[in-house]
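Look for chain A in each of the two complexes below; its partner is chain B in the first and chain C in the second.
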Partner chain A sequence: MKNLSLMRLSIWAYLAIFFAYLLGPLVIMSITAFNSPEFPRATPWECLTFEWFSALFQDERILNGIKNSILVGFGTVVLSVAMGLAGALMLTQIWPKLRATYYTIIIAPILVPGVVIGISTLVFWDRINRMLGLEADSFLSNGLFLTVIGQSTFIASYCMLVLVARLQRYDMALTEAALDLGATHAQAFRKVLLPFMKPAIASAAVLAFLASFENYNTTTFTFGEYPTLTIELAQKVRYGITPAISALAFIIVLLTVFAALFNEANIRRKELVALARKEATVEELSTGKFKMPGFLSSNWAAVGLVIVACATVVVVGTATVYSPQQCIADVQEQKRLETELRIQELQRQRELRRQQQEAEQGSSAAPAQSKPAGNDSGFGNVFAPSTLSGDAEEDAGKPEGNNSGFGGAFAPNTLSGEEGSEGSGN
Partner chain B sequence: MSAGVGVDLENLWIRFGDFVAVRDANVNINGGDFFSFLGPSGCGKTTILRAVSGFLDPSDGRVLIGGNDMKGIGPNKRPTALIFQNLALFPLMKVWENITFSMEIKGASAKERRKRADELLDMIALPGQGDKLPSELSGGQRQRVAIARALCAEPDVLLLDEPLSALDLKLRQHMRTELREIQKRVGITFIYITHDQGEALTMSDNIAVMRAGVIDQIGNGKAIYNDPATAFAASFVGENNVFRGKVKRMMGSEALIETNRSGDLVARISSANQGRLKEGDAAMMFIRPEAFALAPDGASGDHFVTARVNHEEFEGNTFNIFMEGEGGKELKVAIPNLGQSFEDHTGQSITLEYEAQNAVVVPAGELAAE
Partner chain C sequence: MPRFLKEFFDRNGLGIGSLMLGLVLFWTIGLIILPQLSMLDFSFRPNLPPPEIGGPKDVYTMENYRYLVFGPEGGSQSYNAVDLKVFYRTLIAAIFVTIFNLILCYPIAYYLAQTKGNHIRIFALMLIIPYWINEILRAFALRIIFGETGVLNNLLVAAGIFDTPFDFVRNDIALYAGLGYAYILLMIFPIYNVIESLDRNQIEAARDMGASWPMIHRRVVIPYAKPGISSGCTMVFMLSAGALAAPQILGGPSSLWFTQLIYQQFNDNSDWPQGAAYAVVLLVTCILLVLALMRVFKVNMGDIGK
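Our next item is the complex of A and B:
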């Protein structure tokens, strides 16, 4: 029993550590989005603020980046899913002996580094552009076009993998049945195969969009005059980041949570509806009056979705009326006071030291007792400007009066003087 | 309903690379017939069906439906409807949508489709089940939906590819009668593929027995059963006892066969082989288990068989005797149970008699695998 509980405990501990590792960075970053300091940090907590969100929505470059990312994303989704579906269909139709080779070829773009794809896309379309004798600002050298084409080269392969998995469960006899019942090939495709593939197409589209949205290394070569969000972020980071980027990240995390919950809620609802259909009688089915499950009943994902939605509404509502100005002013006042105190302290110390030096110069024959007993600084004089000057005569009187928690270890002169042994023995 | 469209196969060859799936098939199927292709799996019967429905182009020869050559006409343009072995119901469509798919293709309104679906559902005895999904039906119900879907297309010829093979025995027997009734009601030509001779015999007007791409015999159930043209047909359709030997003497429509183990026996020459069998030819003689009767001890002659009894069993309607036969195979005798008393013959040697017209002789050939 004891062993078992220990086992359980360690499993839970492992899970906790694992999730902390996975989600910790996201949580910390989300917190920084609401903290007022100019540099994103979670501690010390200063003031709750929403200013980084408004800063984000006022940043033209970020907004433009998002717009471009969405444009590229949609283009990539359309192109990749279409190519992926064609590739997947081909794979199921092709002569069995060629299948393995074909598969390798079509999967290869995933293995090629994105940088290579980016460069080669650029070079290839530039060549084509020149061959056709077009200007440098033609459609073929347009940043959006190149980015969509470049990203689709490998995202189409991802889509194909998703679609093939579903297609393998497809019974080709269904297409034959449709043909046999008078459908043309186009009709059979549209009315039978496509509805069957719909869930996989949706997955592939989401995958393609996300892969496109987060892509950097291919896009960096092809974006031209249409920098996407990742490009903009990378450029911004070079000049230092602000919590506005954390705010953006928080929004993306929130959207992801929303989408995941929504999807889960939908799946559960479908299961419940299927269950209800199974229990319904024939009459109920034909009149459509069988008892449908409520949206929230026994569906934790739907409940979660509603809770997150409510929380978002509350937070946004708070943000519109909440003003952190007072708090920020307080914090600034406090900081100012602290700084002033610090300056006063330093000035005081400097004054003391000056007096001391004057005294030493007066009686240079008796150095030992001259050190003041009252150094309260936690840094053991590290910050005292005079410690760096390498004044050897000062050392002699030090051990008695050093109250620093570091026992003089950080005092630069403990390592250099002949009396080092005395210092370490302290 | 457009009844009575016949199907003709003329010198039909279908090859896959070097493999010949169908070899020179010539079949005339009358309009309104229930016609079965009967043969073991892999004999090419499904291939013929696919050639008729248009999924496969013949390598040679012609497929005619209602006298028209179907060359170059796709499956969606032929007046045929195929019922697939696995039924191939569209899993995401409701039953009524499945049934009226052929109308949807032609652009019929949902109201019309609904109405037609309800009529067909009544016909297949599934009233009111139109709003279910195929996965919510039982095997037999799905079967009937597949039939309704094919009939909704108003085909001239309905093709069925072993549609009952996935059902359990009880349902299979029930569906046999039902299929036959549906066929009589709609009056169109049914072409049925099966490896089950019971299905073929009970349902069909005519049967083609196939072996390895070759059609051995075409005829109605009685002809196939009583008057097989080849050794394969004789051994594949129903239970049969084989006696190998050679023709010793021709006696008009009968022949005296010198069998390897049972002496000289007389048998009727099957009608397809009249005049083709000569004295000295290797031959096979077949006698059905139920054609034997117990004979008095010591009787001998050209219609008596004597052998040792291995074991006996009582089956209810018959009393089965298994005797030492040729090549390790047992000779089976089924005596109808009419309330008479049976004595146990196990280990004894007994004599059986048969009538010459109930024994049939064909040229020696390949037997059906057990």
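Our next item is the complex of A and C:
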């Protein structure tokens, strides 16, 4: 039995490491959204601030990107769900000999790299545009159009997979029955097949929107004059990152958690209600005394949802009244003191070194080399920064390990990085 | 009208039938086949300014492919060492990312598929949530962690493991971690789906007959899960070889991913045919590699995507 518990322990340890890898980056990124340094970092913690959120909401490009993303997402959802549904229906009816080929063709866009889809879309529609003799700014070379088309190429495949799974459980006899009873084909489609497919269509639409919203590889070739949010984010992340991006990420994480918990709570509630109905007696059901289970009872997702909602309200409430000015001023003051101290320290070291060198030069005639640092390359090497810092550590014997070198001492990163180990208490 | 077309319209009605047919044809031919052919055609053409396209200079040429192998004409080197090295490195790295993901995800997928209970739902939710976050933001999160003054370096220096911050970005560790991170779900789900349908009695039977855990996995679970494993590996390999966001954000300044070369040809050099040629090379090589590996491991094409 000892063996079993050891195994269980290692399974949990593995799960812990796995989920730390999966969720840790998101948690740390969310924390950086509330820390005051200009560069997004979780450690050292300086001041709680909400200014990155206001910076985010004032960013025209981000807002414009969100608008474009929603436009593109909407177009993609409509086009790819329609194509996915048609593709799924066709799969059930196509000539058996063609089915394998057809399936390969419509599944291929999932495996083709997004970059390739973007390029082929761009090249193809550019050629169509030229063949039709249209101008370079025509509808066919419009960024919105190209992005929707490019994204739909592979998102329709996702939709198709989702829809086919549901369609396999559809009884074709239902449509035939409707036709026998005098419905037209359109009516049978609209009143029998579509209602049956509705849940799958809804999940395909959500999936399509999310896939469109986060797509980068394809969009980066097709966006033209309409940069989506992902494109704007990529530009920002590549050329200088700020905690405002963390703030946006935090909002997206929060929305995702909300949606996921809400969905889960709904599913769980349906299960619970079904269970309660099954266990209720006929009398209870008929007299209306049937008691529905409470929304929160044994529904962890609902509990989680309420907790997250409360936490959000508290944070937003704090944000409206909280001002980090004092704290930021304190930190700046501390940084200034820190810098001064460091400069003094460096001057002292330099003085020490100068004295040492003088002493060395005085005794250089002596054969015995009693230097501790092993700096036996002579005078010329003494001014190399690496030598300096190596010596500095040994000379000064400082406890906090100032090994960042002479050159790095004035870099703000180094300063604040070390300050954290000393002054993280405030 | 051919017979099968007539049957098709009889079954679906003229309106719905033609709508369906139109959408499917638009998707398969207009969006999938023709653009790929158009790209292939384009990759064999010289880079001309718009007015000269279709003119006398617009002839088929192998120049773009020659450039990838031999470099610019009259160049100092006999081979295009830079681009070829990037290409080779991309493929090797993508294979390693795939293997890493498989090793990381197989136990998780097995555990999730073979355990029952409420906490499995929570785990599934925790798996899916990161996948809903933007690809760029996920790469950004890793950059915060792996940066020179990032959390990981602060921790390691504080713990005394390193004296100086380790440059994870320049050493490509951040990139590999980011690529692995991005496609975890695509590896777990296919394997999970297959293992979930594995009858637990098979495992019990193997254990009753005295098989050890490694033996059970090697002889029972893995052969059964092979379609899922190959499906996951194919997706992760294709996507990481074709990744653009993670290399742009997490890649070191001196190391490029092949997709970044394509991107440069399109956006910085405005040499579309050259970029198209590189894209064709990437696509064809990846497909051939996947097909070869599928043959080695004896997996059918039909198992992919299940």
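Keep this in mind: the second predicted complex is superposed on the first by the 322 of 426 C-alpha atoms of A that agree within 3 Å, B and C clash if a C-alpha of one lies under 4 Å from a C-alpha of the other, contacts with A are read in each partner's own complex, and residues count from 1 in each chain.
Definition applied: contacts are C-beta pairs under 8 Å (C-beta built on N, C-alpha and C of every residue); 3 or more make two chains touch, one makes a residue touch a chain.
If you're wondering where the values come from, they're calculated on a predicted model, not measured in any experiment.
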Partner chain(s) touched by A:F196 [first = chain B, second = chain C, both, neither]: first
Partner chain(s) touched by A:R277 [first = chain B, second = chain C, both, neither]: first
More chain A residues in contact [chain B versus chain C]: C
Partner chain(s) touched by A:I343 [first = chain B, second = chain C, both, neither]: neither
Touching partner for A:V253 - first (chain B), second (chain C), both, neither: second
First, second, both or neither for A:L9, with chain B first and chain C second: neither
Which superposed partner A:A329 touches (first chain B, second chain C, both, neither): neither
Chain B versus chain C as contact partner of A:C310, first or second or both or neither: neither
First, second, both or neither for A:A183, with chain B first and chain C second: first
First (chain B), second (chain C), both or neither touched by A:A359: neither
Where chain A meets both chain C and chain B, residue numbers: 184
Residue ranges of chain A in contact with chain C within the complex: 11, 14-15, 18-19, 21-26, 28-29, 32, 39-44, 82-83, 86-87, 89-90, 93, 95, 100, 102, 104-117, 119-125, 127, 130, 136, 149, 152-153, 156, 161, 184-186, 188-189, 210, 213-217, 220-221, 229-230, 233-234, 237-238, 241, 245-246, 248-249, 252-253, 256-257, 259-261, 264, 300, 401, 403-404, 413, 416-417, 420-421
Residues of chain C touching chain A in the complex: 4, 8, 11-17, 19-21, 23-24, 26-28, 31-36, 38-39, 42, 50, 53-54, 104, 107-108, 111, 118, 121-123, 125-130, 132-145, 147-151, 154-155, 157-158, 163-164, 181, 184, 234-235, 238-239, 241-245, 248-249, 259, 262-263, 266, 272, 275-276, 279, 282-283, 286, 290, 301-302, 304-305
Complex interface listing, chain B residues touching chain A: 53-55, 74-77, 80-82, 84, 86, 88-92, 101-102, 104-106, 128-133, 136, 149-150, 153
Touching residues on chain A, where the partner in the complex is chain B: 171, 173-174, 176-184, 187, 191-192, 195-196, 277-278, 282-283, 285-286, 288
